[in-house]
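Pasting the structures here.
Paired with chain B in one complex and with chain C in the other, chain A is shared by the two complexes that follow.
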Partner chain A sequence: MALLELQDLSLHYHTGRGVISAVNQLSLALDAGESLGLVGESGSGKSSIAHAILRLLPAYAQIRQGRIYFAGRNLLDLTEPQMREVRWRQIAMVFQAAMNTLNPMYTVGAQVVETILTHEPNMSSKAARARVEELYALVGLPCTLLRRYPHEYSGGMKQRACIALALACNPQLIIADEPTTALDVIMQARILGELESIRKERGMSVIYISHDMAMMAQVAERIGVMYAGVLVEYGCTIDLLAAPAHPYTAGLLAAVPSMADDVTQLQEIPGEPVDLYAPPAGCRFYPRCSRATAQCKEQAPPLLPCRRNRDGEHKAACWHLL
Partner chain B sequence: MNSTAQLPVVRTDNLTLYFPLPKRRGQREAQFVHAVDGVTMSVRAGERLGLVGESGCGKTTLGRLLVRACAPTSGSVLFQGQDVSKLRGQTLRQFRKQVQLIYQDPYDALDPRRTVQACVAEPLEIHKEGTKQERDERVRHILSQVGLVPAETFMQRYPRELSGGQRQRVAIARALVLNPTFVVADEPTSMLDSSVRAGVLRLLADLRTQYSLTLLYITHDLAVARLVCDRIAVMYLGRIVEVGAANQILQQPLHPYTRMLLEAVPKLGRQLPVSRLRQADAIRQAINPQPHCRFLSRCPIADQECHHAQHPPLTAYGGDRAVACYKVAATIDVQSQA
Partner chain C sequence: MLRYLGHRLLQILVLLFVFITLTYFILQAMPGDFTSIYASNPQMTPEMIANLQARFGLNESVWVQYVRFLRNIVTGDLGVSFSEYPRPVWDIIKERLPRTFVLFFSANIISFYIGFWLGKWSAWYKGRAADKVLVTGSISLITAFYPLVAFMALWVFSYHLGWLPLNNFVDPILWSNAPLSSMQVFGYIIYAAVVTTALLILVSLLLRKKGVAGAKSRWIPPIVLGLALLSAVALFQRSGLLIYVFDILYHLLLPLFVLTFIRIGSSLLLTRDAVLAVTQEDYVLAARARGLAPAVIRNRYLARNAIHPVVTSLALSLGESFSGGVVTETLFSWPGIGLTLLRASLGGDYPLAVGAFIITGIFLLLGHVAADIATACLDPRLRDSIGR
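Moving on to the complex of A and B:
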């Protein structure tokens, strides 16, 4: 059975100007011990999905429809106290706003200890402190930094601290939202290696959210591609990167900068991003798509298995698959 | 290249910033983090200089010093020949207008109580640029240039109503709206997908052609640095260890740290093994460091000489390149004699 299953999830933000359709009819499943990568355009709904799972959306956000099953329970049915049991102990998150997660008034060490003690009330504070030192070693932060305040951390140091915080209570699922944007390549590979080892040892699941395709290739077993609130492609990482089926995925991959000598310019996907206040009725990518036809303009394509794939796992939402 | 293109817009001389650490019980000596330690470098007019290096090596601090967002412990920053710490009144205002910083953290950069429109228009208002209508028009224009379209749908929103990458682009728009001459961009596209990022980088290139914008581009993404930067400076624990033309640095890295950095670049389509963190990978802070080369403890080619000498000076090696390493000096000499 899947550990996490999103069924037909639609999410709106009600703003002064109107309704933003941030996530549209999204279905996705994740097994225990699996790693999933979510990639896609900036503003396509990746963080919104994560916040919906943890039920950390602002009051003016509305889950229009759908269910979020975690370990057999629909999280959308839980009361707030029940949800607090789930957060951090079962599902932890590395927020994209790494820096905002930390309170500027307290030392970082005190905050991690506090988190552990809140969620593991039976633990002694001495044991909690020992655990924090362990966590810091795990993410490669010197323990001297425990006594320092957030503003004394560099960007990458804060991100590491947030990864430590997410690991604090041994969760079953970690959602890591752009966890390594401030880390250099060496450290990124190592920190991700650490997370991956923990995932494999403990059978933990991880959802990585990132725009970094090369990083996804390293850590994600499966990848979901988001465009303007819609999951447009999903499949095993190797297949999807080698032979993308959706024109948006192909465009995104073509735009990845490479170290190859013959590449001298960055590619862009032509056209403008979707206005989520008034998304196109048909395929949301159609105004920018070179393969678009009248059908694309009128009917939204469903997410269906690609014909040429072997196991039916590789799916895409497009009338004219590549 | 004409001669004006070679003039430095910004020059630093032995620039240093030490952060004091609070004294602990039983400690005799005061402790300092040597965040930026004796950096002498220049950014030439119209160039795009990349600044790369591992987390905590001092990139942000150096960038902040250049725009006078903080004051150095010693050394100086010259902007168009003038010591920035001595600027006052009108000249300081001019400096603030011409020099902009794009913050690394888009969640910190924007005032949460102001709408996107107010955030981006603020620099225009401070510097009394144009009429209200003209300002609105410029805000709208720069927002669409960073891909926040239709601009109207973003203007009245608050930062918390934006995605991470959208905030990052508002911060970029705010920094560029005054057509500055010099911009320090601290990981400005770290949260943008490849296509949107390409658009923003194209905008920066256009501004360079149109207004001869000079850019210090702080990044850890060497693939982007290769495409965006004319020169690259590599920083290690507070010091510049190598600087040179971008293709030179990437194709023929000389400093052992630069080589190490390049070997780790992940490549698409090839699943690189991710290895576990080793003790040696822990973040380093230069707290009251030894006088030797900062890279000594990790250096694969270090020998006796390195253990005895001071930190190697940044020494020129033909053309545009300079390297701070004793062993590299030796290998180069051998090569040139052969």
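Moving on to the complex of A and C:
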């Protein structure tokens, strides 16, 4: 059984200007110990999914339909106190805005200890502190930083501290939303490498969220490609990179310098991003797609296994698969 | 820290000089001097008035008076009151200032405490009925015409119900054969309050330092407070001062209540706004994601980060509490510094008016420094800016 399973999830934000369809009929499964990458351009709904899983959406967000199963329970049915036990104990998160996810009034060490003691109230604060020191060693931060306040950390240090924080309660799943945006390339590779080895060692699952296909190729075992709130392609990283089935995925790959055969061939996907206040009725990508036909305009394509499929896992939502 | 304090002190001295000069000349610019109250008295001949003016140096040029005045202040001599001649100004201020201070200081502390607490909950339950009631109430309090509220309180509690005195500082009949003056007894009350507060702070600090956890230690500060109050009562009882102490406190009650009540509104709204602003911060979302308890998020995340503007505002109003409110003190016939200032200014008693102005001005400026230091101490990001 999958550890996490999203079934038919649709999510809307009711804003002053209208209703945003941020996630549309999305289904996705993740096994224990697996790493999944969610890729997509800015505004495609990646963070919205992460927040929906942890039930952190604002009051004006509405989940119109769908279920989020985690370890057999539908998280959407849990009460708030039940949800508090799932949070961090079972599902932890590295936030996209790592800069601002720490309380400026307390030392970082105190915040990690606070988190551990919340979920393991019987632990002595001494033991908790020892655990925090281990975590800091794990992410390569000196323990002296524990007594420092968040504003005394550099961006990269904060990001590492946030990763240590995510590991604090030994969760089964970590959602890492752009975990390395504040870092230079070398540091990014190092942190991701560390996170991956921790994942394998502990048998955790990780969902990586990024718009960076190249980074995903390094870490994710499977990749889900999002476009305008829709999962347009899903598959094993190797298959997906070798033979993208959806025109959008192909476009994304062509836009990555290291993946295009030749830098001169580097292409941008033409057209404007979708207006999520009034998304197209059919395929959301059709206005920018070179292969679009009348059918694309009217009918939304379902996510179906591709023809050239090896294991039946590679799926794409397109009427005209590549 | 020391350098910062020195810098601020210098700033205060400069401001104080400007302030004193302005005060002096504004008062000088007012028509007449204290001898003009005798002008309509047919028994006072112009020669006698001129004589008086000469005696107080009022016939010399303004500049000569000003320089002499500055010199006196620097040497700590605020002069002698005209209207209560020959009482020294400092003596009068020493008597009146504590009355004002105790009233306004307590009112500020209590109202900010309640306002902060209510504001926190109001923001937490934003949009619900309780929040709406609190916000509407606060706005009514802020916009209410204060003298009217005070009159209504006097009418209800003192006149109609007869629970409280139609105010004043003390009951003169009771005090006619008191062993000590009201000023002395009041001094003892302040002394007891200061000792109790210091004790409480000390105990809380000790508890925090020892890291004594949760439920049990929660009862220690209240117990200490109870014991301190009991021993104060016992001490006053033994010295036979208890009824006089109670008389003063009894007279303090109504103005304290009204002032506190009327000020809750602004601190509540201030806190609520600050907390709501913090609610938008990423670290609050992150705290929820970590599964922290609602009480922890409310206190350690929301309220703690919202405290900055509230403490600034509190420190400023504490500084102001030395100048008191002319309105309050008039309404409740509370013989504090505000009433003194009003009477002195109207009666042409320059030494007293200027002395009162200067003293209250000093405290106002100190309040500003206290506000800066308090906020800096409370915020680790600012702590470095004043040095550790």
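Just so we're on the same page, the second predicted complex is superposed on the first by the 314 of 322 C-alpha atoms of A that agree within 3 Å, B and C clash if a C-alpha of one lies under 4 Å from a C-alpha of the other, contacts with A are read in each partner's own complex, and residues count from 1 in each chain.
Going forward, a contact is a pair of C-beta atoms (placed from the backbone, for glycine too) under 8 Å apart; a residue touches a chain by one contact, two chains touch by 3 or more.
Here the structure is a predicted model, which means the values were calculated and not measured.
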Clash or fit, chain B versus chain C on superposed chain A: fit
First (chain B), second (chain C), both or neither touched by A:Tyr149: second
Contact breadth on chain A, by residue count: chain C or chain B: B
First (chain B), second (chain C), both or neither touched by A:Ala255: first
Partner chain(s) touched by A:Asn100 [first = chain B, second = chain C, both, neither]: both
Partner chain(s) touched by A:Gly37 [first = chain B, second = chain C, both, neither]: neither
Partner chain in contact with A:Ser47 - chain B first, chain C second, else both or neither: first
Contacts of A:His119 with chain B and chain C, given as first, second, both or neither: second
Inter-chain angle, chain B to chain C through the CA centre of chain A, in degrees rounded to a multiple of 10: 70
Which superposed partner A:Gly224 touches (first chain B, second chain C, both, neither): neither
First, second, both or neither for A:Met215, with chain B first and chain C second: first
Distance of closest approach, chain C and chain B, by C-alpha atoms in Å: 7
Set intersection of chain A contacts, chain C complex versus chain B complex: 97, 99-100
Residues of chain A touching chain B in the complex: 13, 15-17, 39-43, 46-48, 58, 96-97, 99-100, 137-142, 144-145, 152, 154-157, 160, 177-178, 181-194, 196-197, 211, 213-215, 217-219, 238, 241-242, 251-253, 255-259, 263-269, 272-273, 275-277
Sites on chain B touched by chain A in the complex: 19, 52-56, 60, 104-105, 107-108, 147, 149-150, 153, 156-157, 160-166, 168-169, 187, 190-199, 201-202, 220-224, 226-227, 250, 260-261, 264-279, 281-285, 287
Chain C-touching residues of chain A, taken from the complex the two chains share: 54, 56, 83-89, 92-93, 95, 97, 99-106, 114-115, 118-119, 125, 149, 151, 165
Residue ranges of chain C in contact with chain A within the complex: 211, 281-283, 285-293, 296, 300-301, 304-305, 379-381
